[in-house]
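Right, one structure below, let's go through it.
Chain naming follows the written order as A, B and C, and within any one chain the residues start at number 1.
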Amino acid sequence: MKFRLTKLAVLAFLTAAPAMASELVFPSLSYRTGPYAAGGIPYADGYADYFTLLNERDGGIGGVKTKIIECETGYNTEKGVECYEATKGEGALVYNPLSTGITYQLIPKVTADGIPLYTPGYGRTSAANGKVFSNVFNFPANYWNAASLAVNHLLDINGDDLQGKKVALLYHNSAYGKEPIRTLEELAKKHGFDLTLLPVDHPGQEQKSQWLQIRRERPDYVLMWGWGVMNQVAIQEAANIRFPMENFIGVWWSGGEPDVLPAGDAANGYKAVTFQGVGSEYPVFEDVQEYVVDKGLAAGAGDNIGTALYNRGFYAAMLMAESARNAQDIAGNVEITPANMRDGMEALTITEVRMTELGMPNFGPAFSVTCENHGGPGTGAIQQWDASAQTWSLISDFGPSDMEIIQPLIDADSNAYAAENNIELRCN
Amino acid sequence: MFYREAGDFKTSYEDDSQTFPIKFDRLRYYAVLAVAFGIIPFIINDYWANAVFVPLMIYTIAAIGLNILTGYCGQVSLGTGGFMAVGAYASYKLMTSFPDVSILIHILLAGAVTAVVGVLFGLPSLRIKGFYLAVATLAAQFFLVWLFNKVPWFYNYSASGQITAPERTVLSIPVTGANTDAWAKYMVVLLFVTGCAWLARNLTRGSLGRSWMAIRDMDIAAEIIGVNPLKAKLSAFAISSFFIGVSGALFFSVYLGAAEVGEAFGIQKSFLILFMVIIGGLGSIFGSFAGAAFMVLMPVLMKNIFVGALGWPTDLAAHLEFMVIGGLIIVFLILEPHGLAQLWRIAKEKLRLWPFPH
Amino acid sequence: MPDQFLYAVEVIINGLMAGVLYALVALGFVLIFKASGIFNYAQGVMALFAAMTLVGIQKGQIPFAKLINTVMGTELEHFPWTVPVIPAIILAFGVMILFAIIVEKYILKHLVNQPEIILFMATIGLAYFMEGFGDIMWGPEIKKLDVGLPQGGSFWIEDMTIGLGGENFYGFFIDKLDMVATVVAILLVAALTIFSQYSKQGRALRAVADDHQAALSVGISLRFIWVLVWSIAGFVALVAGIMWGAKSGVQFSLSLIALKALPVLMLGGFTSIPGAIVGGLIIGVGEKLFEFSIGPLVGGATENWFAYVLALIFLVFRPQGLFGEKIIERV
């Protein structure tokens, strides 16, 4: 016991004194180690670099410097709690943990603490319903949008008819991987395609059974909800059985450079859904080069700029910075609280004009958030991998998803949550 | 000087066989309890509760459970994560099915359910021994995780298979859910950890504990002198699983509030708790506390040193953290293979003689 | 022949191949357990570390670049050269030998005569250490492993067998990488057998495995044998790392392949090299066949637990594994 207490004393000394300086604090619960590091590193780099850019180029947001506090979670929920508790006293404005598990267990906590939680394209899909989830935002798109966007793409290339087609879903056997199943089942009913479900257990290094089954049953299309090593192995195995890559579509978390590079040329033509622009051909990246990279301030090794996951982190940071700006306007004060930030996010409007001003024309959709809808427009595009040039390119416009199917599912799931936790509906 | 038997006269058998025979030890024990119950709840904040005390105490319960099985009865188990999952899911099902019954009763019942499951998976131990048994318990680990992931009934048919603890109160103070105060969380877990440690300590001192230790030291010899191996091994599995189930239930409902079986109760958890037991010291209740403290606090401490104090990049710090913890484990084992508890025992021996070591 | 039967045959063949890959990992465990009674939890991390070292040497990466850059403020990254495959493999093996020497000198030597569980725990500490060490040395990103191994299904076999079934049968699918792995595994086992049967060190190795003290008393250096056996295990880890790394790229998850080897060990026995091979084959075929036949009925993803349950069932009948030494208990 004594032993423990002495240790605690040392700890107390080290974690003391949360500073309330005039800074806008954006904690980044990142993971640069562990099984999912390959996805976590570029995302965290992008998230950090955008705020560094704002500090260096504009002197922060509304004249107040931003501050990134990075905290390593290793994709582990318990470390996520520790990071949350350690950073929330520092005036954290918004959390973006990039982990479905951490998101689920932060949702009740942030709501009680009055801090917003931002989970673009991951987390709890039904959090799009702002009536139930006051502090959680997942604009511009969520998993169920992604499922619908992938099916829309299939409809496009089949002349709007999927009758009798066979579609297989290869998914990570976890909460994350199971998300799209209900949507896809509904869509299968609507469009008349057959859906086969193929779970892959964590970590997913051995997928021979699943791919032999795909080879036997010859589905017309394979959709993938994978993360980590599962992505690389799946793409390699698809190449091994000579599955046509252009019929293999991943969710946005299965569409990063590290996923396709190990398979080499064989990955050519692989597709993935995305909700933000790809590549580094945007004016803003010249600023990043000038103000961040050349000054040696780039996060991490600085070699991820323009990759798919980097851009996603960058885009998320941009939306958060815009929300903070918005919050400053609403509050009439440049030093905002998490509650102001939440209001700023709920009243966020992104226009084409603003995106162009920011040097990111067409990087993402124009949309506005409302009290009821925290999920944004649910639009997205399809990107395709070119193995010889080693780049992703968009092969479709940012199109809408099938909200007719998705909205009832969101309402049902969020209302069940509200009933289970006695939450009163807002926005009336 | 203060720590000695001299002058501490025992006049009855009860006195002689008490848990802490040395007066100073006894006082220290009461002092720790007084601080834990009387002072800490008033000064604790969210960070200390959620990042330090609550996980520490929950892991202690699990470590005590595994220590009963591995340290006292000699059956190495790697199914701890799976059994914690049983506790978590049992408490979730009970909480949502019978919302009017007290959460404390649910947690105990979750432990009981886990005990039944534990006995079931303990049956092979009658034939399989040593590392073969350790690997065999992995079958329980993987099967249970798969089961909870696969059967929607366990997670009330939610879309993603995550379970979320609804708010439940004790004496109309919330103890689960997001509105729980730090001190309420702390007190609930402290109650359980005190109860479990007290129970475990007394069980292992009694005839049941002796039969476990006989089995551990040499099961054939124990059988010959009349210890029933079936009864001893299965009771160890049952009681150990009960503790682990309780810790799993607390882990889910009080600490995390939401859990996903593969992530929260995966194979890593089984290994982590085994590390705690070995680092702390096999066959020692205090060792369970010390081992849990080591494995929970070291990473936090490391992180605060490397990132907080030295300002290094988080990834480099995380890698160094692994190296330092790994290195410390090896150094500890080389210096004292019987764990932190043995260091404590040696320190006490020294103290008894101090200041006249000869 | 009915298609369903052909599918089953295909599954069995692929199960055998997968089993060989499991056996490659299991071999490293068996070698160390046999010679020193240590259940080496770090075997998976050793495979990861060996593969990382190989890629790092090939690409001419500077070890510890990031650490040096952070502490010294320099900007190091690559040596101006790259190394061809064969010398790189030899160099990586050299690093594994060095590793074995260090492990013996700083860990094993101090833990002689400790109970099994303490030695097991020490290897866990070692695994932690190496996980961090490997990442600091070579960086945590996914690395593409390119040693010129063939990938993809064999067209020749597909063409040869496509006539066997109906129109829904596309010929047997056999991965070329798996075939290479099989050949490598056979060579490796043959080499190990020849080494342990016919060389002086090999005989010493077997003597130590039989009885430490008797071996010591006839003048065999236990410390040398340990270095030797950890070096060989390091080489096996390197081979396993190459084979698995070729499938998925070299990354953290490579260390988790150890979990695939544990049921193989249980089934085959901790002390038998042929046991590791046969156990691997049984587990590979068993889990693939179960997933093929029962998997669809219960929702799939059964492979992880079924391997363990299968091994458990075998153990209930033979508590020492299929080929393990009979456990004799005396009072």
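In this text, a residue touches a chain if its C-beta (ideal position, glycine included) is under 8 Å from a C-beta of that chain, and two chains touch if they have at least 3 such contacts.
From a predicted model like this one, the values you see are computed outputs, not experimental measurements.
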Between A-C and B-C, the pair joined by more C-beta contacts: B-C
Remotest chain, subunit B as reference, centres from CA atoms: A
Centre-of-Cα separation between subunit C and subunit A, whole angstrom: 35
Separation of mean Cα positions, subunit C and subunit B [Å, integer]: 33
Subunit A, residues touching no fewer than two other chains: 32-33, 37, 41, 173, 201
Where subunit C touches two or more other chains at once, by residue number: 66, 135, 140, 299, 301, 304
Where subunit B touches two or more other chains, by residue: 146, 149, 313, 315, 318-319, 322
Partner subunit A, residues of subunit B touching it in the complex: 28, 32, 46-47, 50-52, 55-56, 96, 146, 149, 158-162, 164, 166-167, 177-179, 255-260, 262-264, 266, 289-290, 293, 297, 299-301, 303-305, 307-309, 313-315, 317-319, 322, 340, 344
Residues of subunit C that touch subunit A when the two form their complex: 7, 10-11, 14, 18, 66, 135, 139-142, 144-145, 151-153, 168, 170, 173, 175, 244, 247-249, 251-254, 256-257, 260, 287-288, 291-292, 295, 299-301, 303-304
Residues on subunit A engaged by subunit B in the complex (per definition of touch): 1-4, 7-8, 10-11, 14-15, 30, 32-33, 37, 41, 70-72, 74, 76-79, 81-82, 84-86, 88-89, 100-101, 104-105, 107-109, 111-112, 124-126, 173-176, 178-179, 182, 201-202, 300, 409, 413, 416-417, 420-422
Footprint of subunit C on subunit A - complex, ascending: 32-35, 37-38, 41, 173, 197-201, 203, 205-206, 208-210, 212-213, 215-216, 228-229, 232-233, 236, 239-242, 258, 261-262, 264, 266, 301
Residues of subunit B that touch subunit C when the two form their complex: 76, 124, 127-132, 135-136, 138-139, 141-143, 145-146, 149-150, 218, 220-221, 224, 267, 271, 275, 278-279, 282, 312-313, 315-316, 318-330, 333-334, 337
